[in-house]
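Look at the two complexes coming up: chain A is in both, with chain B in one and chain C in the other.
What follows is the complex of A and B.
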């Protein structure tokens, strides 16, 4: 009891101190605090060449329109702003003159680079993105084919309200099941640009139809919206410059060497008309660089499993040996497309997008040291061996082809 | 026969109220000295300030001419029916009574006549007054210096009912009452062992409240029992009206939001505590019994944990701990993430939340504060309101205010969800006093989250853990068996293993009898 009474003075001053500290809490001013409705969430960013630097366009999400449960559809779900400046940051900040909120880049889904800027070189503009603390590195980077990025960003899309989101998810999906596109994010792009033994690729995006129409919500009311955004082909980069585009078949060939084409369909003609289709379900690839007789040799080993997905001709798939025949055909098809891709790149672009140089670097560092300065030329004349092993596991839910039954 | 006795009893039991018959006293006083009955009545009446509930009754033993004895008791506190029945029912002849001296009469009454337990012989009126105040009856014989006090405490009391605060699905339904003796009996009924000790005492200069310390000798640590007695001895106050008074006087940390003394309404919880070596403190006049030492984990264990199956109980304990964190942190995490760390949210969720916040005029912190305070108001009102309307008003209030606030654009729907899940989680914590500390700390965390974001929340959590680890309850580390880590006690902390696996008593609580049972399959020795 007496202890408590004596402690009364100390207690009172402790309480006072606590109150003063409470006051301190109010004085902090909540450093860096931003409410959700003060943010302009950027879903996509576009970069184009401008006369005096860059023209940056930003697709801002209109959350009120997206989240509205009823009464939506009146306003566009996204708004695209654009501004030019000497640097990227310049342009971004200049946009504040036309925008009520602060641009928030952490949720960027996709970065579109205009073809003219891409051909000129993107190393400089990527610096700001990798340096700025707010930007993550998990967005996809694509190149606008024959168009400016601003035009791509101004197009609305159907089904997915946010165009950037639609691009992000459909790139994910098409890489998995169609295979002529490839995901490229900031990290892989920057490391590929900086590497001598590995070239970078970027998926191309094109606008089908008149881009002018894509600016309004009206066009989304049709069952076949026009214009459409479509991914098409892979752009091959040498260092940070876009060199040219690969066709569908060559893009696939590149995909096989990367082993990420599980789910992609492969088809080849039957001996007497029609096609046979195989759907790959599992795939593993191994790119190696070796030295043979004092010369670099590249090799690709691909192992894949697949299912028979369609048969348009009279082949008795139940017959012993016919499956192994099909496997051989599939292997052949894969090998040809890989070789075609390699030859085209070697001949036209001279950029080692397959990563033979990196593989050689890992396997034979000493030899790589000797060749790395001259690698683009060495790569152009590189001998490449392709070894494919395909297993067809299932033939589907029917045996004989439907065509066969028709003819009987 | 019996009716006749009763009639006689009623006739003899003529009430003498000193205030109403001030002049009747001297006329019936053959021996009007200090020890005379009328003098006694006058003294006791003066001592109690002529209280209207004081009953003074005069009886003649062996008929109308027999020696006079008088009883004094407080109406409503004493149950005197048996006393008067035995006085009037005695069949000794009148001569025997007349021949005996007043001392002999008293002795005879004490030894054979009175059918009342707990009779004490006292000297002087000053000892009779406290006894009468405690509900006993003072019995005087005319002309005798001594008097008897009879243990007639009784009167109206609440029966044993189901406890309101700690209800269970499975388990005993009885709860403590306001009467100390009933409460100790409830525990004794569960532990029929000679080693169960009850040390009684009175605390409070004015209220003279009965307080009992209960423990199992040979189980509880002597040091803890001594410490409890020592702390109780040091209490010097006017009044103890509830065990909360005692708790505040003897708890280790007055300025911690966390309770370091456990309280319960359930005899089975007390019995389990005693068997783990704890010490219980009963206070007359309240159904809440204190249990020390208290551990942090104890507040997340319901009595039912030991009655349901072990797997289920273990999952429930994990659920309660989860709810603890939800109740503590949900609003502050929401504030921190939405105002400082938007990059942590998946994009679709961020867009959804941002869409909801369109047009909300307040920062998230103010929004959360408004909703939390509204809820606290509703809750407090629900407790204070008459039972019949309390519940419905609070439910309607929450619904209407939540719904209306969202539609008026004052708060975002997500915030309503956060606040409701917080509120519900808070009720999962079984101990009310722990739930209160959560409610206090939640606001603190909301403050640091709004000022410093997740950084503030983490610093706050570190501070909280440091504080918890610094707490002690009667010499026992509050965070035991986690800090210090006691491996053997993990069997019954976050998880509860089957009863046969709980072979040893928890070491977190000092006890002098470590082994509880034989190993599974072995013979109990």
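What follows is the complex of A and C.
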């Protein structure tokens, strides 16, 4: 090239210039680039049933308010827009008439589905989410209990500026230490909807207090904000339809079978009044499907480790026997709540949310082939065995309970 | 086209090229197809596919021994005589051209679907074909060196992908094992071979003539095939074990969804487009060698000594053709499922076997090759 330049003179430089200009044509950057200040970053999305399709609400982060180092708090940290349309995309695009920026869905943290839509079936709306390239699969999906998703998204929350973030983190946290909720994301939900031997569940979210108040920043200035958003119970799905809700104890029972709730407190009454609390720190569970005498049998094996967390009664906890008694009581408690959950789901919802069917499929593919058609009915009459083994290792930082001293 | 005195491609480079060529496009499309036919046993089907790949490669090695100093196109003319030979070469040129067009379509389609939906596919194709043309004009030696330079990156990204996804492997997603029946496993394996090994036929345009140390190069061919096959099997395995068979099957590009799953402490996340460099690089070599087969064959056909003059015109036609080769993705999927396998079997297996047989027969009948074509194209 350089030799050409030396010898060629003006023509060669003209050619070089032309080549460079040609480069400009191709190197103009990304075609459909969108700058950050042109995007409306959606943190949460709500879906409800509308008269002629869906009502979609989107919680948009207000970046000025979030990023403000000082002088924040004047404006709401998030803005919620809503629109209706025949399809989800229809509604989303219609929102552009009332907002200045383009919605960007890649940072979605949570998807709230209104109860009425959930009961009608969510298969159709999940399709658009898995098809749209911008949407990832790592957000949580919850159902608004007795409310519309729009009302949930319109509520501001304390502590976390972005309500969607607060819901995301508190769902993570409550799954770890309270256990009546469960994380459901797009992939697990779609998998479960398509599966014959595994039903889906969605965590419920409810509004405590008057939803109207939640729309303003004013309520955040109180120490007890109202309304509050609260996760409560698990919704049982049959195929893609929400069938009903599990109570707290049953939700825990389901959680135990999934082994994902180390940290959950378990309490049971003492013989002479008061309660004893055990905190589980490790838990492992194993759901199995077997064939016995030509019939399917489901079994759950749970192994857990825990610590004594509170004692309200006069037990001599430092005695060897009392620990093994406590272990037995805890095992009993876990077994009962699992069985209660199983019975209730078998009786009322007939959806195999425990995954006995899938377990049977894994263990005995041939037998499963025979039964899978008829699995909802088989599941309803399934014999389920629960085997729990709890080890209590430590009793906390003190020995005998305070109340024992009081009595003396 | 004459055989240069010193071979432009070393054994090591050739092995790497074989590997890159095996992985290109296969990594994008195969996991979904395998999960669709073999469900959670998809990875078994991909291993079976590796065995088929090896069988195909052993045949190519044997076949190429008949023309140690010639390209495939030259050998066609030697075996079939001038005119019939040219006819075979012409059909081979068409085959490689269509192959290049389909792969170019796949690349543009991938970017359009997953990354930049509003960018015209032409912009992507033109940019990509420009670097392909550049590589081809620089010649085999430069291509081989490029492969050698890019290979460590592939390995690095691959290990990042594996390491980041291992914690998410759920063994129960692989159960029950061996549920798929033999016929669906075979079907899956054949599709693996059809996408990754049978297209090796275009390699015979420069192997063994332009590759150093024939004996070791043969071993390199086998080694590259095994490495590529294991690579594909590992990706398929991860797809099933992390995403699950049903999700893998639903995805257009499971390996990309797999990369999307990477999330180490909410910090090392959303890196899928970096991992996607694996397929950009491998697809590059796939298009490059298809187009090489096309232009080298055409040069031979037209009696042009150097194929380089043909690269840009063919590249331009290729960009246009890649826009029409598949009118839409559904057509593409249907084509891959129904037409591609018999198509590639014809060009990658039936014609070579026939040529090999005819060549041996003539050799035995005459005691030496026919006089008409001994020096055609030289």
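Points to keep in mind about this one:
Everything below uses one rule, namely that the second predicted complex is superposed on the first by the 381 of 408 C-alpha atoms of A that agree within 3 Å, B and C clash if a C-alpha of one lies under 4 Å from a C-alpha of the other, contacts with A are read in each partner's own complex, and residues count from 1 in each chain.
Assume a residue touches a chain if its C-beta (ideal position, glycine included) is under 8 Å from a C-beta of that chain, and two chains touch if they have at least 3 such contacts.
All figures in this text were calculated on a predicted structure; none of them were measured in a lab.
After overlaying the two complexes on the shared chain, residue contacts for A:109 are found with chain B alone; chain C is out of touch. By the touch criterion stated above, A:41 is placed in contact with chain B alone, chain C being left untouched.
Touch criterion met: A:136 reaches chain B and chain C at once. Which of chain B and chain C touches more residues of chain A is settled by the count: it is B. By the document's definition of touching, of the two partners only chain B reaches A:165; chain C does not.
Judged by the touch definition given at the top, the superposed model places A:64 against chain B, while chain C stays out of reach. With the contact threshold set out at the top, residues 30-32, 136 of chain A are in contact with chain B in one structure and with chain C in the other. Considering their complex, residues 26, 30-32, 130, 133, 136-138, 187, 190-191, 194-195, 361-363, 365 of chain A touch chain C. If you check the complex, the residues on chain B that touch chain A are 234, 236, 338-340, 342-343, 347, 350-360, 363-364, 447-448, 450-453. Chain A makes touch with chain B in their complex at residues 1, 25, 28, 30-37, 39, 41, 43, 61, 63-68, 104, 106-107, 109, 134, 136, 162, 165.
In the complex of the two chains, the chain C residues touching chain A come out as 113-120, 123, 126-127, 130, 172, 175-176, 179, 243-244, 246-247, 250, 257, 260-261, 263.
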